[in-house]
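After this come two complexes, each holding subunit A, first together with subunit B and then together with subunit C.
Moving on to the complex of A and B:
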């Protein structure tokens, strides 16, 4: 019952801020205010869609929003980054860690439930990243005065002067938002192994990440949990903006409160967004295959645009595979997604229309397995 | 440069007129206006030419340099990361032009003007400077237009070039797409109420206007909707009683179509499938269908499910279907063969690698269980679990996807009864299993009972398989499944 009441009032509150839905005459102006929202979802795509929705639909001329959210294990890359350069996609597939591309710039981060995400929504005029970070530092110091936390001019937060506990990114468009992470009790070891790319030979102009040593707040003070830290930051925000310390829970799948949000979630989950938005890059690498007690060197050169193979050259030892077959593989790879399941399915299907030779099939399979493992 | 363009695009007849005027001044807006008015005074005489004259005058629109505005936080330079437009594209106010990045902030730059992009000042990954030009946009000069110059009546005017109009002293703002929609439906923009910013006419406004005319509510989706004519016969009979018997004429309503065809290249896996299916077309298929009564199997599976679950294996019906197929193939090995390209040699495959059609993100892929002839039903179930979990996470390898000798497609999980499956080369046979339905059947005593019926549809290569072989194979397979205990006798 209470839930319904909150949802109804929340819907009304949001409807006041639709810029495009209501004609100017019907717009009721209310007193300025800020609001604190917390997501009940741990799905990265749903939570990123909330950011999108607020950015596109809310009128933030006289309002500010703080959005608190946490996600299940995910690697989040920046808008203009290359996932093959930034993380170990193979390991992520094996461990069921999701990959997401956010709309703001910046570098790659690892999220899990031990990491807090904070998004500060303001109008473009009021966009001030350092102020937001100072607020977070103040909140943490209020909570534990002995904590040595400070903000650097790169907009990172450092613990004990050496360890990064927070990274920042921002998006400016219709309005502005600044979001940052905060490591409370994340899996640090998984973080460092998953954010190390095993893929060699990539040449790209994508934004690179700057690696840093990280530490959890929990390691400094075991009594600090995510919930405590989130509450402290919400309290500080409430004081700063002179509002009630009240956190409104939101469900990012609720179309009545956020009409059109499920479409945004779907877009963020699509292959075209996550991989297809990778800036053009090229791969030039070689690897060794073991076949019947001998080593074979394979050289691969590819150009990849919009996540699809544009140019493909595979150099094999002379006559190891019938050249016509190799040419067939190269030709069919062009236009295909740069993705192991796509390449495997493609290669297997091609084999059906080739002469049935056990030896050839074995070599073909070996080549494809090696290519998908080494490159993708 | 704009003047030169005007010269080129003008027609021969009007050319002389244009040239004379252009020699005087190239950039004065006022001059253009007066030239235009002049053309109108002689409108009767230059009727044909004046349109072309207008066209040339329009391309002489104003080039505005759109500078990169201040981003805040004292930022002076950014990197251009993505262009959303290219030279020659038309943009409207608020359309996204490009994405720039500065120090972890990603900024979407939107256009301040309506017009056509004439120049991009930066390539990708170049540094752009705040306050310096980013793009050149050619905007229209605002001119007085005579009342006839509505979008409807001058289709010779290129829609891309006109974004502002003065009609009866009232300026109508609308994007080129909206104007095209209005033109296609013969609507005067002056009669439509705009609800966008500055009374801009939006697509929704056109649709609402049409809805008012047709009396139907049109959904704003870009799908084609045909509005049925309103049947006037629906009015109350009492009102009609004393009126003369007039046959109402249905009013034909305009069809609003806002969708566009989309062309995509066929690439990757789909391209390979085109090849496979084209090869399959060369095989002369024949079909053979039957129905199987699965009551005993259903019961058996219920008993065995918890046993398998205890070992961490999910037991469906497929392991039974697969094992029964393998047992039957031992008696009819010609169904587990492969023929070469010219159908000169037939290879009897030693191993029964039975493929299972699986629906994944890629599409329909067929991983196979290797050497079914030496596996138990439990082992087959466990292998199926492994393939299914790899399939759903996109991690199947080439070993699992190649080397199949016989295929079963359980299309019944989605639906359907009888099917006409296509053989996957280099195999020679395939079976499609429909859904299990509860249907009334007669038993041996002539009584009606509830039977669990599943339909199977086989296809085989008629060059080497004949109908009798297929029928006998199917009967054997069916007998194993209808009476699972008989599988025990033949188990290896």
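Moving on to the complex of A and C:
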């Protein structure tokens, strides 16, 4: 019952904001209309869609929003990054870890339920990342005065001077938002493995990440759970903005509160956004295949634009496969998505259309499997 | 005539190339004048920059507008590390988002000053995004586009109006 009351008043509150240009007359303002929202969803795409929705629809001239959210295991890359350069996509597929691209800049991070995400929405004039981070540090120090946490010039938060517990990114558009992570009890070892790219020979001008040693707050103090930390930050935010310490739960799939949000979620989940937005890059690499008792070297050169293969050259030992078949493969790869499922489907289709003997089939499958595992 | 106009506009214009080097569809007579108020009848005259409230500038020559960001914007942004620009041929309406500049401070959206079609993008920015900071009015230009509704230029701020606008924000 109480939940419904909150939902109804939230809808009204949002309706006050859901206009770009609100007539000044007749709009009653409260002292400082800040609000704290917390997502009930752990889906990265739904939560990123909330950020998009608030950015596109809310009038934040005299308002501020703090949005608290956590996600199931996901790797999140920055707006202009290359996922093949930043993370182990193969491992992520095996472990069911999602990949998302956010709209803000910055580097790659790993989220799981032990990581808190904080988004500070303000007008562009009031955009001030260091102030937000000072608020977080203050909240943590209120909780545990002995905690050694401070913000760096790069807008990282460091624990004990050496370990990164938070990274920051931001977007300036109609309005501004600054979001950051905060490691409470995340799987640090999975984080390190998954944020290491195995792919070699990539040349790209995509923005690179800056690796750092990380630590969880809970390793310093086992009583620091995500819930406790979120509450402390919300309390500090409420004090700063002179509002009630009340956190409003929101459902990012509710179209009555967020009209149009499900379209935003769909776009964020699309291959075109996640992979297709990768800046143009090239791959130049060799790999070895073992076949029967010989060691074969394969050289691959590719240009990838919008996540699709634009140029493709595969160099194999002479006559190991019928040259015509190889040529067909190269030709057909052009224009296809740079992804294992598409590569596998293409390879099978080609083989079916060119009847060959068993030996060729075996070699063909070996080549395609190796290309998929080594490159993608 | 064109050179005289350059001197009037200020010292940070690169010297005009010799007339024959300018791309023109016909040797002579001159192409018809473009319908932009405030310009002389010679289509070779470089138009003064106009500004948006989002700190983009546009300068129209021979019906093609060159777009960039202002000095105020590049200073506020900090070092640009990546420029995300649209494909040639993209159709833009006035105020459409057409790309983003990523700096250490944030990813900042770029908004089209006018309605038109992208004819060229500054490919130098791919390897050298810092040009936007070093030379925001010249080598750091972002895109070129057609001017489908010349009257939209009148809605933009002149250099003086923009200076006043910046002062009002800074206060």
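Operating definition for what follows: the second predicted complex is superposed on the first by the 363 of 376 C-alpha atoms of A that agree within 3 Å, B and C clash if a C-alpha of one lies under 4 Å from a C-alpha of the other, contacts with A are read in each partner's own complex, and residues count from 1 in each chain.
Following the convention adopted for this analysis, contacts are C-beta pairs under 8 Å (C-beta built on N, C-alpha and C of every residue); 3 or more make two chains touch, one makes a residue touch a chain.
Only a predicted model underlies this, so the values are computations on that prediction, with no experimental measurement involved.
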item	value
Fit or clash between subunit C and subunit B when superposed on subunit A	clash
Which of subunit B and subunit C A:205 touches, first, second, both or neither	both
Touching partner for A:80 - first (subunit B), second (subunit C), both, neither	both
Larger contact residue set on subunit A - subunit B or subunit C	B
Touching partner for A:351 - first (subunit B), second (subunit C), both, neither	first
Which of subunit B and subunit C A:145 touches, first, second, both or neither	neither
First, second, both or neither for A:93, with subunit B first and subunit C second	first
First (subunit B), second (subunit C), both or neither touched by A:341	first
Partner chain(s) touched by A:368 [first = subunit B, second = subunit C, both, neither]	first
Contacts on subunit A seen with subunit B and repeated with subunit C across the two complexes	78-80, 103-106, 127, 129, 169-173, 176, 205, 207, 279
Subunit B residues within the subunit A interface of the complex	71-73, 81-82, 99, 101-108, 110, 124-125, 195, 265, 267-269, 271-273, 275-276, 278-279, 338, 340-341, 347, 360-363, 365, 393-399, 401-403, 424-426
Touching residues (chain side subunit C, partner subunit A) in the complex	81-82, 84, 97, 100, 102-109, 126-127, 169
Residue ranges of subunit A in contact with subunit C within the complex	78-80, 103-106, 125, 127, 129, 154, 169-174, 176, 178, 205-207, 279
Of all residues in subunit A, those that touch subunit B in their complex	23, 78-80, 93-94, 96, 103-107, 124, 127-129, 155, 168-173, 176, 205, 207, 279, 308, 332-337, 339-342, 344-353, 355-356, 361, 364-365, 368-369, 372
